[in-house]
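After this come two complexes, each holding subunit A, first together with subunit B and then together with subunit C.
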Partner chain A sequence: MLRSSQYKLLVAITLMMLGCFACLGYHLYDLQVRRHLVLCRIANDYTRARAQLEPWRGEVRDRHGVKLALSVPEKTVCLSLEVCGDDTEAVASTCAMLLRLPCERVRSAILFAQHHLRPGGKAPPQSIELKHHVSLEEWTAVASAVRLESFGYHLGKLAPKEESKLFKLRHHLLSATDSQARLYPFGETLATLLGYCSPADNGLGLEGNLGLEATYNSVLAGTFGDYISEKDAAGNELPLQRSVYHPATNGAHVQLTIDLPLQQMLESELAAAVTQSQARAGCAVIMDPSTFEILAMAGVPSFDPKKPMASQPQDLDNQCMTVLREPGSVAKMFTLAAALESKLVTLEKSVNCENGQCLVAGVRVRDHAPLGVLTVKEAFAKSSNIGFAKIGAALGPLRLYQCMTNFGLGQPSGIPFFGATRGRVIAPTNKSMTDLTRAAFGQGIKTTQLQLAIAVSVIVNEGRLFRPLLVRQIESPDGKILRKFEPQFVRQVVSPATAQQLREAFKAVVASGGTATAAASPQYSCGVKTGTAQKADTNGYIVGAYYSSVIGFMPAEAPRLVIAVALDEPRNGYYAGTVVAPWFRAIAEQSAALLGIPPDKAVAARAARARFEVRPTPSIHAASTSTPRL
Partner chain B sequence: MNSRHLFSLYLEPSARPQPRYRAIDPPRSPYLSQVRPVNLEPVRPALDPEPPRLSPASPAMGLVEKVSLCLMVFIATAFGVYMAFGAGHLLGVRKEAVLARDLHRAEVELAAANLARRDLAATLADRLARESEPAAVRVVMAPVPTRRSGSRR
Partner chain C sequence: MKRPVVILLLAVGLLTALGALALLSSFGGQPKIERLYAQLLWIATGLVCLTGGAFLPWEVLRRWWFPEASLLVAILLLVAVYLPGVGVMHNGARRWLAFGQPSEFAKLAIVIFLADYAARRRTTMGRRFEGFLAPGFVVALVTALIFFEEDWGTACLLGLVSFAMLALAGTHWFYLGSTLVIAVEAFLLRLLSNPLRMDRVMAFLEPEHYRDGTGWQAWQALLALGRGGWTGVFFGEGLQKNGFVPEQQTDFVLSLIGEELGFMGTLLVLVLFAAIFLCGIRIAWRVTDPFSQFLALGISLLIAAQALLNIAVVSSALPNKGIALPFVSYGGSSLIGMLVAVGLLVGVARQADRANGTASVPA
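On to the complex of A and B.
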């Protein structure tokens, strides 16, 4: 029999043990049920390593493989606040010296982070970013230099604690994270075509913001990878413990149809043209009419792709593809093409261009001079507004509209490009007789310079429209061709006979009596059309503001190039025949020299051959592939 | 007191000590009264180098002993296997840790090499661009005329 005291003791012990088990049970409930998710998250933070793998952005190359845009690795230097501790002064002065930063700035950044920066209202961050855009070379130098620094300690007599602290400062104070920056080795060359990149919104990788970088962003950017793994006590990822691992796919390379030497020449000449004519802007395109490949495309003003925000917003526009202008007299080629195709006129048929001004279909039309009775060819060569207003009126709205749209006006050019516009052509249902009369000589419609260059390429190419090409092929990072772009036939715009007649009309413009005699070269024959359009705003046409352009092909008999040059608001004269035509000639001659096109004028051929001297640019051509030049 | 009297101290009074040896009742030896087969095996010479082995008679095991023995063998085997697996696991974990460390180091080195290669490529591209000249050929630069009165469009 148990005695009473023993019984009480037994009960007390039992109760105590039950209490302990109850506490243990509650603690288990607290850990496993109540705070399960929070604790899991904390445990995962300690042990799990989860990260996104950044792909490398692809390159943009010219037709010979020269890199026009590529990504370059760079570092962001971070400072560990935990290692820094109380040695703010010594750390700030050392880091400022190593990273070439103002000492006061570093010190204030550390102090601010230590005392004021509280993300989420909790502990201060473990590290702060000290300097961005540090090159690999610079980082290597900094990392090796910091291991020799004393951080204010007297190296001769160091206590064990101080030694440990100094070791930490030397080895764990500064660290660097990897990132990539976009490099445009040729600076402003092709800037309005290539566009620029900026860091993505999520802070990972780069994102194309303009031009081809934006248009082909999905191709260039690649695909992000990710992994979920475990890490050791030092924070190093344990690769064999990866539960999820999707490697990043680097971006593909985009090879353009652009010929870099030609592009550099075109930009140089266009810049000179804009400067000399004191124009507001200018643009130029060179195309290969046999393949509809764009060989060069320049725009002035341009911008520095490293500092795009330092430029005016309008400087970022691609003048050839995104800026719409009235074409002026250049549009007479559409009227003539429609009239010839519908057999309304022939080149030799007479048209009365009156005495300088006339009322056509209720619209007062003026010529630059009294021209009298001319053949259609002469009216085209002398750019008679009255003559073509009459032809347009006889043609009717439907045929003119159909001809213009067949040439590609008012439609997408077929080149995918960020911000590209399709232009404006008034539909025949909405077109009054006034609109029709004005459209016949280039007023009331809006086109881009590229659309006009494509139209001339159609004329050169026996009336056949192909899809224009700006990108030649897309390559995978390992060099495999993912997609190759070939000339793609779209439609027959005009018959070959009409195209031949149009080429004759173009040649007449350069001949004596035409508006573009200044475009005639002593070595090369060519055919052009000039256009001087008065600029308009919402209040109507602006007095004294013109858009002058010359579009043509060379050599005349077997055209190899289509060249379009335009100047916006030139002040040193404004007629295209005088302001732009000489630059057309200069660009045509230099293009021919660069591409090895022999002179076709028999008289000048010998002299020209003697003077011809092609000086190759070895550095660029060394990188070129075996792609045959034009 | 001899040894026979010692028993009486521990046994009950009724118990009597039995005589150690019985008297031989049959007067003759059994082989004389009963015919038995003679062992016809050859006699082993005394100088035979290998003396005959006589295996001691093992006592028969009971069911309990057998079950206990099986159980012990099973436990010992299971323990041994468990230990072997444990040792193997430890070795595997150590090897895996070494491999992981090597892999991590290799990945870091590969990433660094890739970065260095890309940096070099960028430097080369930059140098190439700086060395190239914008206009390679200049044939004839036409003078740009100024505006003339009566010029045509």
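On to the complex of A and C.
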């Protein structure tokens, strides 16, 4: 039996303990019930996994379905710090060897992460990214090689603990996350048209930065999916806890009107032309005038879409659509079209070219050679500035401006393209007589080479302007056609009769006495217009810097192609008729061969017909265009 | 004394079952089921020991210097922990032997020893040597041994329980008071020279600042408890168990219960421990034999104080220290030791009934 004082103490201790229980009970109530919402929100910050699911970027294809730009899977290799543990040296050297990285860099990355990401050593284990842009093949090889590594252990005699550690190192040290890389199988071919991709600003997925990749970014990119889920301390998602899940919608495929074989031929010819003439730049376009589809579009210089940052900024420009130049004598076709359309002249009407020098409306105009009295057609063929300045002066500002605008000059071409410019034609209200006179032979206006090609297509197509096409159709990832682009009539620019006369004038340029006899091919007839424009900067025209272009159609009767070739500052001669016209001929002949266009000149035609009868070549072009000839 | 024993056993059974369920839930669907089998095996062993303790012929506990002998064994085991090659290092603390923690055994041994000692010297406990210096030396030795294996939680617990037992046994308050002052000073001195412990205390004082470092465990446990609310997120649906709370199967098991079963779950645990404590006190109150009285008191204090310390640590009411929740935490030696203690408590009740001539527990 205890004494009564001891019983009192016992009661006191009991009450004290019960008091402690009560206090703890209240503390738990406070924590779990009263602070429930606050703590729950903080806890969710740690455990909630919210992630965006990256869609697969769509492909860009040529008109036959050849992939010009596509996304391929690649991996980012990560290293688990938890598995690495204290074996930093062995892990660093092994990983560096496997991933072909400098050992010192891997080691310092691991050490940095160990000391900065885990203060106190109690925070959840983390992983660090070791290497980006690892191809699937390389990752497979690395993943199987790491299973055989010894990590500095002596494989013969291992304690059970070491064995489990080695197993962990081999199987759980390296992991990889998925990402996508943009691949351009044809490299620099089409680079200035396709543009390039770079990682998006928010770090998710790819973003088109230039060219069609940028123009059709919203179509190609698709839409991001997302999910809300829970994760464990290592950051791994717990799939069973997924509460919200929206899958990503992959990007659509964009099919271009570009014909890849034609494109490759055009690029190699243009590159040869630029090299041989020592030009600064060059561009060329091939269009189908019946549908206004752009079949090929080349520009020099180009860039490597894998490393666009290695190129000069001006190399990234699309020479056909974003670079503006004065067209020079090529613009005489607009003056002639306006004059013929308004019945001011006929092709046979004579005009005095004043032996090479004269004042027209207060402007001193010179010809490249002294010319006498010529017909309008001859003036066009010999490219007389004086003749056309006179015609322009007779036309007046309004009619010339309207004609140029109707042809599409100074207006959006209708092709959505990143950085495309509309050019400049001075409006008649503030147009002095000087400007008009100069505009009549191509000075003081600015166009892109594509706009000129479109204008020639209008002339070929009986004076009708259609909306030019670069994209044929947009296809959903599962092959459904989302949108198909058909030729779309815009307006009648000139009457069919005027167009017919203009074609005659174009043909005269190639005929003897014209400026572009070098463009004439023994097999194919064609019609062209040459232009040799003196380049201007802010201080006026630059001496010795020319922009030489030849633009035309072939074959002359029932033309199938419109071809524009231009060289920027050629140094081995500068007259378009001598520098550019031979390349026009080469491109025209090869295009015809590629597309199976039969020769139309009498001598060659007979021989060729015999060849075609023996071995009929299926026409690539005809087979691929289902649209009826317009 | 049928009712206290039934309530006691019921509470212990419920807590043990809750512990096994929490262990099952803590796997989070991962196939680590061998831990559950180990725990079930220990529960079975513990129940056998409990029955053994309950039916132990009462004289054995006090004959042949049994209390002194068991204490000596406990001290030897505690010393063995310090020997290189014998003791096992884990989490910076050297407190394991190959088969378990000797401190669990030492707790029980010292309670039995003090009960026996106080019962023998009932009349002379007020004296300086017999009532204070001799038992005080033994307690100080064991506590210091445990303290220096870096098991501060158990050392504090043992000090508190011994303190209460000596006070009840009649040691003069002056001696106890002065010892308390010296012990607190020594404790603080040690604390200031140990950066790890100091960090834990700082983390306790400034949880916001240390939440991603030293305070990570306590902070995550707090979040787990807070997520629970009234009724919890439901059994098995807890999220903080996926690697956020370290040691959640052992010392921090209450945070799992609090998250999945909510305040109702933690309240149930509290109530069950309070019930165990009250049953122990009730048994101590009713028996007439002083040894049985001191033993019952010591055991109930031991269980209740350990539970209180653990719950206070998990709910961030006290700085972090490694101490298990009796019956619930995963771990063999702690569970078996506690079940043996409960068995002794039941044995005390049986012995009292036998003395009174009524049978409370069917044989």
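Keep in mind that, in the parts below, the second predicted complex is superposed on the first by the 536 of 630 C-alpha atoms of A that agree within 3 Å, B and C clash if a C-alpha of one lies under 4 Å from a C-alpha of the other, contacts with A are read in each partner's own complex, and residues count from 1 in each chain.
Heads up, the rule we're going with is that contacts are C-beta pairs under 8 Å (C-beta built on N, C-alpha and C of every residue); 3 or more make two chains touch, one makes a residue touch a chain.
Everything quoted here is computed from the prediction, not taken from an experiment.
Once the two complexes are overlaid on the shared chain, A:392 sits clear of subunit B and of subunit C alike. Of the two partner chains placed by the overlay, only subunit C lies in contact with A:17; subunit B stays clear of it. In the superposition on chain A, contact is made by A:574 with subunit B only, not with subunit C. Counted by residues of subunit A touched, the larger count belongs to B, out of subunit B and subunit C. Touch criterion met: A:40 reaches subunit C, while subunit B stays clear of it.
With both structures placed on the common chain, the touch criterion links A:265 to subunit B but leaves subunit C unconnected. Of the two partner chains, subunit B is the only one touched by A:183; subunit C is not. In the superposed model, A:530 makes contact with subunit B only, not with subunit C. In the overlay built on the shared chain, the residue A:241 is in contact with subunit B and with subunit C. Overlap of the subunit B and subunit C contact sets on subunit A: residues 238, 240-241. The part of subunit A that touches subunit B in the complex is made up of residues 56, 66-67, 70-73, 135-137, 178, 183, 185-187, 189, 236-241, 260-261, 264-265, 267-269, 273, 276-277, 328-329, 368-369, 382-383, 514-515, 518, 522-523, 530-532, 572-579, 582-583, 585-586, 589-590, 593-594, 608, 611-617, 619-620, 623. Partner subunit A is touched in their complex by these residues of subunit B: 96, 99-100, 103-104, 107, 111, 115-116, 118-119, 121-122, 125-126, 128-148, 150-153. If you check the complex, the residues on subunit C that touch subunit A are 28-29, 164, 167-170, 199, 210, 212-214, 216-217, 220, 222-230, 239-240, 242-244, 246, 258, 262-263, 266-267, 270, 273-274, 277-278, 281, 284-285, 288, 290, 293, 297, 301, 304-305, 308, 311-312, 315, 317. Those residues of subunit A that touch subunit C in the complex are listed here as 1-3, 6, 9-10, 13-14, 17-18, 20-21, 24-25, 27-29, 31-33, 35-36, 38-40, 42-43, 46-47, 119-124, 230-234, 238, 240-241.
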